Amino acid sequence: MSTAGFTLGEIAQALQARLDGDPGQVVTGVAPLDTAGPDQISFLTDLRYRDAARASRAGAFLAPSEVNDLPGAVLHCTAPQQALIDLIRLFHPAVPVPSGVDRTAVVAPDARIDPSATVGPLSVIESRAVIGPGVRMHALVYVGPGVQVGEGSVLYQHVTLREGVRLGRRVVVHAGAVLGADGFGFAFDGTAHRKVPQVGGVLIEDDVEVGANTTIDRATFGDTIVRRGSKIDNLVQIGHNVEIGEHSLLIAQVGVSGSSRLGRGVVLAGQVGVADHVTLGDGVVAAAQSGIPSDVAAGTSVFGTPARPLALGRRIAVAQTRLPELLQRVRALERQLEQIATRLGLPVPERADD
Amino acid sequence: MSTAGFTLGEIAQALQARLDGDPGQVVTGVAPLDTAGPDQISFLTDLRYRDAARASRAGAFLAPSEVNDLPGAVLHCTAPQQALIDLIRLFHPAVPVPSGVDRTAVVAPDARIDPSATVGPLSVIESRAVIGPGVRMHALVYVGPGVQVGEGSVLYQHVTLREGVRLGRRVVVHAGAVLGADGFGFAFDGTAHRKVPQVGGVLIEDDVEVGANTTIDRATFGDTIVRRGSKIDNLVQIGHNVEIGEHSLLIAQVGVSGSSRLGRGVVLAGQVGVADHVTLGDGVVAAAQSGIPSDVAAGTSVFGTPARPLALGRRIAVAQTRLPELLQRVRALERQLEQIATRLGLPVPERADD
Amino acid sequence: MSTAGFTLGEIAQALQARLDGDPGQVVTGVAPLDTAGPDQISFLTDLRYRDAARASRAGAFLAPSEVNDLPGAVLHCTAPQQALIDLIRLFHPAVPVPSGVDRTAVVAPDARIDPSATVGPLSVIESRAVIGPGVRMHALVYVGPGVQVGEGSVLYQHVTLREGVRLGRRVVVHAGAVLGADGFGFAFDGTAHRKVPQVGGVLIEDDVEVGANTTIDRATFGDTIVRRGSKIDNLVQIGHNVEIGEHSLLIAQVGVSGSSRLGRGVVLAGQVGVADHVTLGDGVVAAAQSGIPSDVAAGTSVFGTPARPLALGRRIAVAQTRLPELLQRVRALERQLEQIATRLGLPVPERADD
């Protein structure tokens, strides 16, 4: 999938990196430290892997400014993780896609599709939908009535955007994701659960990414909202009327229950669950599998079910390991106290048998 | 998405509510307390939000009979949650859909589709399938050989109903749900896992709702069953040969393992897991993220992994918070006992160092 | 779905079983102990169900060699679980499917489809894809550019195989699964999360099964790999650059984070989570809902969050049940010690109030 190679000089210029090596040396691809060969450039973005870098067969390296003991040419960068992104894009440029609507797509006559957009085979675009400039809809995508898809967005295969969904610009929705399914709202009437009609929508702001087979429900009223720059992984569930703040990260299989509000820069690790009507302040971080039953103040890291401040959660986890031993120690203390009480002629406390 | 407005008199009649206000006042929509304006009607269905109601700008309110201090006209109802459902339906009536089979759908010649049913674009209906009166199949739906879909059911986009699936009446299946995939059954033969053929089906009774991207596996023999009136949220997994009793609620990301049986009115909160071959009695309620390894008696509420009766589970959760402190207290007790034993000339207990 | 019946003699021969009964007796189907009737054959593969077998109305039984007290003819087998697979296949043979490409499928001119393969309606096969002999692609499947599908594989409805995915032989991918979505890789540049391009692929070896709505992400570089014979259940998430060893089992809703490596024969029960960059040795078994933050040695069974060796994990779970009582006992000990210290004229330890 790579293009032909680049000289290190060309790469140094593209990445604004300082080259320690031969600017005429050619590399034909980028690869991790353990698999890169002499004709490839590798990267050291995390100093924990310094030994692996020294042992690598790569012909050249992208590395932090202070690293100068690598077995090949080095491109020194102040922000190597960001430079790596540029390096990968250099070798793997986006494949240009011809614009236009595939002849097998089913498009309502009153849908508005920008001429620079691409609509893949067997996709369906319903009445009054608006597809912006440069949008790329892959095959078998469903775009419901009145849905708006902003400039430069990408919809992968089998995506469903039901009526009432609006996407900002440069939004990426991965395969199989469902946006705008009914929120889970029922009221028991004494005999059966009656459905509360879900008449709201879903608003996804600019630069959001939504993972494969993730589900984001429509609001009962108003909108379920994901603010700009947030990234959502695969198989995540976002309930009705939830609001996710800007630049948050929701890792795979997270669930956020209805009407909860996450601040800016919140990070929920894999399989975390958030109860309904909960507020998480800006910058809250939850460790994997945490269960969050109530509000968490801004800047707090939490862990466990129920989630507790990270330091306490870790101390509890450590203490739990000693819990079986602790039971035995308490039993021993009780026996010793009994002896002493007997010796002193004090009443011996009654106690249930273990 | 609203129709034109209604007078409060018209609404009072439709909801059988007692109006305290001007029957000629017109409202044009329904909205929550915090966003409703003077031309809208809002609702107070939970008395915890009474302050929000008093501060609301809404022109009228739906409220319980005893509430009479709201800043606008009030429609008094004995069951405001149920009345709210009727109110929303008044303003957001179901959009009538023309019946008929879209010309891009692929329908087997021997499938039987009721003339009042709707089949959306690019849907596939296989041989011998039966689609009942008033069924609404959206775009890109798959209905397998011999599948039955009962009267008034709704299948959203990208739904898969494989062979052997039968849906009752008024069943709703949300986008991306998969009914009838093979149960997870393998037998290790010493070298490899051999597949146990899964030759059963899936039976969904009347008035069941199945969430987006949820999976309900076919039985090995017989049927995996969801009884009438049960509601299943998004991304839920229901294994082969499971039976879910009537009017149960399974919230998002719940997993129920093979051959387990849930009674009537069971409620499993988000991310709960139920082991295989487990029986949960009628009315069992499991708190979010609980893991249920064995049978639970009817009427029991449980919490935790492994799940314990709710009161115990909560006491454990509280006690855990004090566990690190408890360890220190036991250490202190041991030191004090040592001093006393020394003082009394008793043998000092040996003890591993902390 | 059954064929007409077989005589017990025919079945004994097909299964290489020893028949204790009339070889001319006919059975028309196979069914579990509790539902089988006199014209059906049932099976006892787990001796825990011996009582149910003795009470069964089945006309014949498949059973281990040593069982000889059943109320009907018995086919004795040394490996009854394996024989049951053959028995089910006898009564439910695979339905032959005519090969060929459905006229509504959308196939790139330069895709290579073996003449013995079947391509279902409204499927999409992109440029340079290779579909092997005997492959069965159901309806509405997406096969991306250059994707390879090996001999005898089955792709169910709404499957997505993006570019860079290669499947071995006899791979089964259930409905709605997504293989090859972008790995979740972002680098914060101080203002926003920038996407790390994901330019690797997904390699699925022979005889792997992938469950419904499961997601397996493409690697950043190289491949995300599932080795031969592994079976993955529904709604499982496998992150970028993960490697799953041979003959492993991942039960429903498991999540494996990026770059983790599982050995041979690993078993992860339902809803287990594995952190990133973790190595699980051969034969590791994790109980349901376990959270695995770090490496686990080969052959270890673990339980809990954080996961601990099974025996310790179970002792902790038991001890937790007594934690509220333990707190009270420690409080009692402290009071008694206080009395004794007072009596002995020792200093009374200071203590925070409970």
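Going in written order, the chains are labelled A, B and C, and every chain counts its residues from 1.
What we mean here is this: a residue touches a chain if its C-beta (ideal position, glycine included) is under 8 Å from a C-beta of that chain, and two chains touch if they have at least 3 such contacts.
Just so you know, these numbers come straight off a predicted model, no measurement behind them.
Chain contacts in this assembly form a complete graph, since each chain touches every other chain. Under half of the residue numbers at the subunit B-subunit C interface are used by both copies of the sequence.
Rounded to a multiple of 5, the Cα-based rotation taking subunit A onto subunit B is 120 degrees.
Subunit B and subunit C have CA centres that are 24 Å apart. Counting partner chains per residue, subunit A shows two or more touched chains at residues 122, 140, 158, 176, 213, 235, 253, 271, 289, 305, 320, 323, 326, 330, 333, 337, 340, 344.
Interface residues of subunit A facing subunit B in the complex, by the touch rule stated above, are 106, 122, 124, 126, 140, 142, 158, 160, 162, 164, 176, 178, 181-182, 184, 186-189, 192-197, 199, 213, 215, 217, 221-222, 235, 237, 239, 253, 255, 257, 271, 273, 275, 289, 291, 293, 305-306, 308, 312, 315-316, 318-320, 322-323, 326, 329-330, 332-333, 336-337, 339-340, 343-344. Residues of subunit B touching subunit A in their complex: 1, 30-32, 35, 79, 81-82, 84-85, 88-89, 91-92, 102, 104, 120-122, 138-140, 156-158, 172, 174-176, 207, 209, 211-213, 229, 231, 233-235, 247, 249, 251-253, 270-271, 288-289, 304-305, 317, 320-321, 323-324, 326-327, 330, 333-334, 337, 340-341, 344, 346, 349, 351.
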